[in-house]
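Let me give you the structure first, and then I'll get to my questions.
We just call them A, B, C and D in the order they show up, numbering each chain from 1.
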Amino acid sequence: MVKVGIIGAGRIGRVHITSITTRVPNAVIKTVADPFLTEETADWAKSMGVEKTTKDYKEIIEDPEIDAVLICSSTDTHSPISIEAIKAGKHVFCEKPIDHDVDKIMEVIKALEGTGLKYQVGFNRRFDHNFQSLQETVAQGKIGTPQIIKITSRDPEPPSIDYVKVSGGMFLDMTIHDFDMARFLAGCDAEEVYVQSANLVDPAIGEAGDVDTAVITLKMENGAIAVIDNCRKAVYGYDQRAEVFGSEGMAAISNDSQSTTVISNAQGVTGEKPMFFFLERYMDAYGKEITAFIDAIEKGKDTPLNVYDGLKPVLMGLAAKKSSQEHRPVKISEIMGE
Amino acid sequence: MVKVGIIGAGRIGRVHITSITTRVPNAVIKTVADPFLTEETADWAKSMGVEKTTKDYKEIIEDPEIDAVLICSSTDTHSPISIEAIKAGKHVFCEKPIDHDVDKIMEVIKALEGTGLKYQVGFNRRFDHNFQSLQETVAQGKIGTPQIIKITSRDPEPPSIDYVKVSGGMFLDMTIHDFDMARFLAGCDAEEVYVQSANLVDPAIGEAGDVDTAVITLKMENGAIAVIDNCRKAVYGYDQRAEVFGSEGMAAISNDSQSTTVISNAQGVTGEKPMFFFLERYMDAYGKEITAFIDAIEKGKDTPLNVYDGLKPVLMGLAAKKSSQEHRPVKISEIMGE
Amino acid sequence: MVKVGIIGAGRIGRVHITSITTRVPNAVIKTVADPFLTEETADWAKSMGVEKTTKDYKEIIEDPEIDAVLICSSTDTHSPISIEAIKAGKHVFCEKPIDHDVDKIMEVIKALEGTGLKYQVGFNRRFDHNFQSLQETVAQGKIGTPQIIKITSRDPEPPSIDYVKVSGGMFLDMTIHDFDMARFLAGCDAEEVYVQSANLVDPAIGEAGDVDTAVITLKMENGAIAVIDNCRKAVYGYDQRAEVFGSEGMAAISNDSQSTTVISNAQGVTGEKPMFFFLERYMDAYGKEITAFIDAIEKGKDTPLNVYDGLKPVLMGLAAKKSSQEHRPVKISEIMGE
Amino acid sequence: MVKVGIIGAGRIGRVHITSITTRVPNAVIKTVADPFLTEETADWAKSMGVEKTTKDYKEIIEDPEIDAVLICSSTDTHSPISIEAIKAGKHVFCEKPIDHDVDKIMEVIKALEGTGLKYQVGFNRRFDHNFQSLQETVAQGKIGTPQIIKITSRDPEPPSIDYVKVSGGMFLDMTIHDFDMARFLAGCDAEEVYVQSANLVDPAIGEAGDVDTAVITLKMENGAIAVIDNCRKAVYGYDQRAEVFGSEGMAAISNDSQSTTVISNAQGVTGEKPMFFFLERYMDAYGKEITAFIDAIEKGKDTPLNVYDGLKPVLMGLAAKKSSQEHRPVKISEIMGE
């Protein structure tokens, strides 16, 4: 039985609390820490079987009984708390991104060296039934050599402008999931990034120095071309599709809906919209990623997404940012060289 | 080059005039006859390359240059004109049904005996790309032994009450196409019919002694069970689907639409309705059935739908009528025995 | 917190144990009883948080702490244990069917009278996201007045011949779910049943006195015609679809698959098969039905499927059996009159 | 009645001969010219009602009876014959591209000035039922302001290496249709092109100096971003899809197939592949484009695709070529400035 501490009891922290208590039989949550912990959240956590709640995450770091820490706090705390937890000998599950700053991720990597501790990054989409099936189809060679990879990723609504300002920009906040997906589907890293971006959804996003719409072209190391299209707002819901085209065929996944109901009437033939947002679409994937993390600890296996899998999409995001600003293709090696 | 005379220049007659002039290179229309021929129709026929128009169909029957006759006049004239044409040594393409009266169809059969003339009945759906593909799939054994055959056939709107009164009833007018399709898909005849019917669309149809909604169960000679569902009115258009389930799988066809356009918005994910009615859906099939008829004449082959294929669905229609009236399963042999 | 005892720890009993422990926060399982309880099952139940296991279901009936009983034992025990539990003052959730014998169901109804106890029957499909959405669409009037209801229900593989012999026949064992669904979708009862059935899957089923393939036509009280098609074996998996056609449109649901992956290659465009069988397809629905039962107890509401909802499909099943044997339409009132 | 001469009786010339004789009632083909005219082709043309065949296209240019010329000869002859025909006072329908050389297209434009003659370029896809419906949906504002336009265009098999060498390169030969489609769907011109291309299908294509796989990003004048993905070989057939995403929704079109047949068996749920290639997919569109051309002549209307619509995609193709060679985004204005 793995004893877990969860740092951060916001939206995603609560998702993990629910997953562990209802779906992960070989883990138990000892402590939940959140600096802004409300009484309501504390009560709810206890009703879910959490032993202890606190405002001070150090109580988790310093607790010798706790084997693993889930870092669900704000992005700027991910790398420092990762290092603290590693130094205290704890396995770490860290929400994405580890950091916006490559140097800080390098420090986490250094801290991990030789410890034998497990480190997993929260790219939940790899655990989604559709993306998982698509990746397996490609990996099994069913479509031959991948040549074109297409990822559509559109949110139902933009975040608040306050969030946009601290988000690191769309490429590090939103596209980072798609960068991970491109690596997952291609089975290799990207060499180069080109971005065509625009501010079409809300002028305030542009005023905050960010974009809200983009088409990102990637040259992958295996020769395939990947293309991601993003928008911060799709009125029909969370649009999460992908397609891999290869020498022997194409595999494609479409969106999930709440039901398969289709109504035919004088207006047309109408099915349901995609599930609204990530909590609806990926709830099951969140459970599976934590299950995989706990299993890696229990069975001494590698985590499915290690610290380098956390680093690479950040490099791609920084290259995308540079491409968008300098309006030219940017090599990943340029970012690593800096 | 086969010389053709067309009797009846109504809706379906005009469809055949268009097909022959634009799609059947080895046929030419010499004469079109219609007792109610308007000047406008005559002009149009001539613009399509028809040599001659007349109000008297005898000019076709008696014309020694004419090889084949298409009978597109009202149902009550189908069998007598068939016999006249056969006696004049002409091949006959006859719109469905040959007659509502089995005895009259038997007279046509007798007239044909020993003549070597071709006779084809206008069950156009057999030439539709979807139904054809479904039948081939089944005939090639791709779904194993057929066990359940399902046919959905719903019109977008009911005919006029005046038409209902002379139509012979829904089973002989509308379901007759589905009876033919059940035979086509099963590759055998029906043994027994059971009807559950209702008058749900328009009370005037009930007052005219007919039904407008029905589920018809058929026991086929090969042991398969077929089920047809009909309605005279589907607000979303002409619904023409089928499914054959067998020991090794299932094959199903869905409706055709004007385009594949799908719109996703806040209301849902909406595709186009099925094509409106038979002229839209089956235009291509009408061309193919006439091509097949002309080819059978030119090459001395059997027609794909002979006079017995015209008789069988009438027997099934009469059994359905009896089942509906007597509220019990009715064997086809009961009808033949009468 | 509702205290629950579960009688029967076979396949379906284990499903309910899992649902309650992981998904129903306001219920706790005190005791699980099964006459053939293995040590392995007992250990597993305890690992799931079950307090006590026993071979004697009387320990549940006689335990004053237990509020509610789930009857998941063999069909012949459903009605007697229901009565025992009711007499002991316990709410009852009973797997379908309550009994094959109408008189025995009537005894359960009599036992319930005046007790105020909740009684729910396990027609799990009503809680499936697709069927639920379809029913809501119809109930909200979105397709107008229902005219034709079509239910396809095919199992991936037939049960063992030993099971077939004690199953009560396909209509009471398998079609009973579809009879419930016809009532659910139509919003009313059936008046009459007609069956066309066959033994096409396995001769041994016929030798055991049962059928394995059937098309069942129902006349519903609201004038709609319903049609169910069943087969004990579909090589492509568990086929669970439905369609309701009405005066203002049609609503239809299709199967769920493990993923939306579609592969296009030289052979065609191939998607996944339907989910394999009921445990895959309806796992979520099993959780929801128990949640609803516990909620009804806690909040003093009606259960969504009461004892009469358990009786009606049995009447329909018996009528179907009679129709199949006597080869004629059978009224439900004939069965009730017996 | 418009009298037409057709120059070039290869594959596409024969398509237009067939369309005009079977589908365009207000046009008649007087002469077909082809330097390599075989007796077989001449016989076929005559059987289709063509009055005259010749090896010398001058017989068309110099025939005062001929109103309009269809130029279906090799690409290098398009612009010179266009000019000859215009000078002889004839309306011109010219297959794409008018020329690979912008200066030569400018000469055609100059020749047309002040003549009042109609000039139409053969971008047939605009007349396809799916693309037409998509464009109308967008133009009617049903998806709000277009933000992302996606076009997938993949051929079933690459052309011969001999053809590749004279094709002008993939961007001017194949992508040119997609460049036209981007303009059609966006309702405006492109400003800038960026290409990520590769040689993945056949090394011989690379040796011939061309690419066979590409993702092309376009910045459109209205702010939308368009992205085209191309491949010279898709094993599953001709892949022609598009999607327009906007502020109020998304509209998408998928491929057409020969039938809607779907087979469910132990291997999966399999539908038909897309139609094999352009002759299958766009046969109807070829008829419609000629109908539109003849109508423009008869009614004195503008042609739906004039000489500038022929120029713009060539500019885009040249910019794409430059982008591919120089590996940077290229503005259309750079090409025009040269």
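Everything that follows uses one rule, which is that contacts are C-beta pairs under 8 Å (C-beta built on N, C-alpha and C of every residue); 3 or more make two chains touch, one makes a residue touch a chain.
The structure presented is a predicted model; accordingly, all values stated were derived computationally and were not measured.
*Asks:* Where the centre means the average of the CA atoms, what chain is farthest from subunit B?
*Replies:* A
*Asks:* Which chain pair is joined by more contacting C-beta pairs, A-B or A-D?
*Replies:* Between the chain pairs A-D and A-B, A-D carries more contacts.
*Asks:* Could you please state the distance in Å, as a whole number, between where the Cα atoms of subunit B are centred and where those of subunit D are centred?
*Replies:* 40
*Asks:* Per the centroid of Cα atoms for each chain, what is the distance between subunit A and subunit D, given in Å?
*Replies:* Centre separation, subunit A to subunit D: 42 Å.
*Asks:* Using Cα averages as centroids, what's the distance between subunit A and subunit B in whole Å?
*Replies:* For subunit A versus subunit B, the centre distance works out to 58 Å.
*Asks:* List, in ascending order, every residue of subunit B touching at least 2 other chains.
*Replies:* Residues 235-236, 239, 248-250, 264-266, 272 of subunit B each touch two or more of the other chains.
*Asks:* Which positions of subunit B touch subunit C when the two form their complex?
*Replies:* Residues 144-145, 147-148, 150, 154, 194, 196-198, 200-201, 213-215, 217, 219, 223-225, 227, 229, 231, 233-236, 239, 245, 247-250, 327-329.
*Asks:* Of all residues in subunit B, which touch subunit A in the complex?
*Replies:* 235-236, 239, 257, 264-274
*Asks:* Under the definition above, what is the set of subunit A residues touching subunit C in their complex?
*Replies:* Touch residues, subunit A against subunit C: 22-23, 25, 47, 129-130, 132-134, 137, 142-143, 248-256, 258-266, 272.
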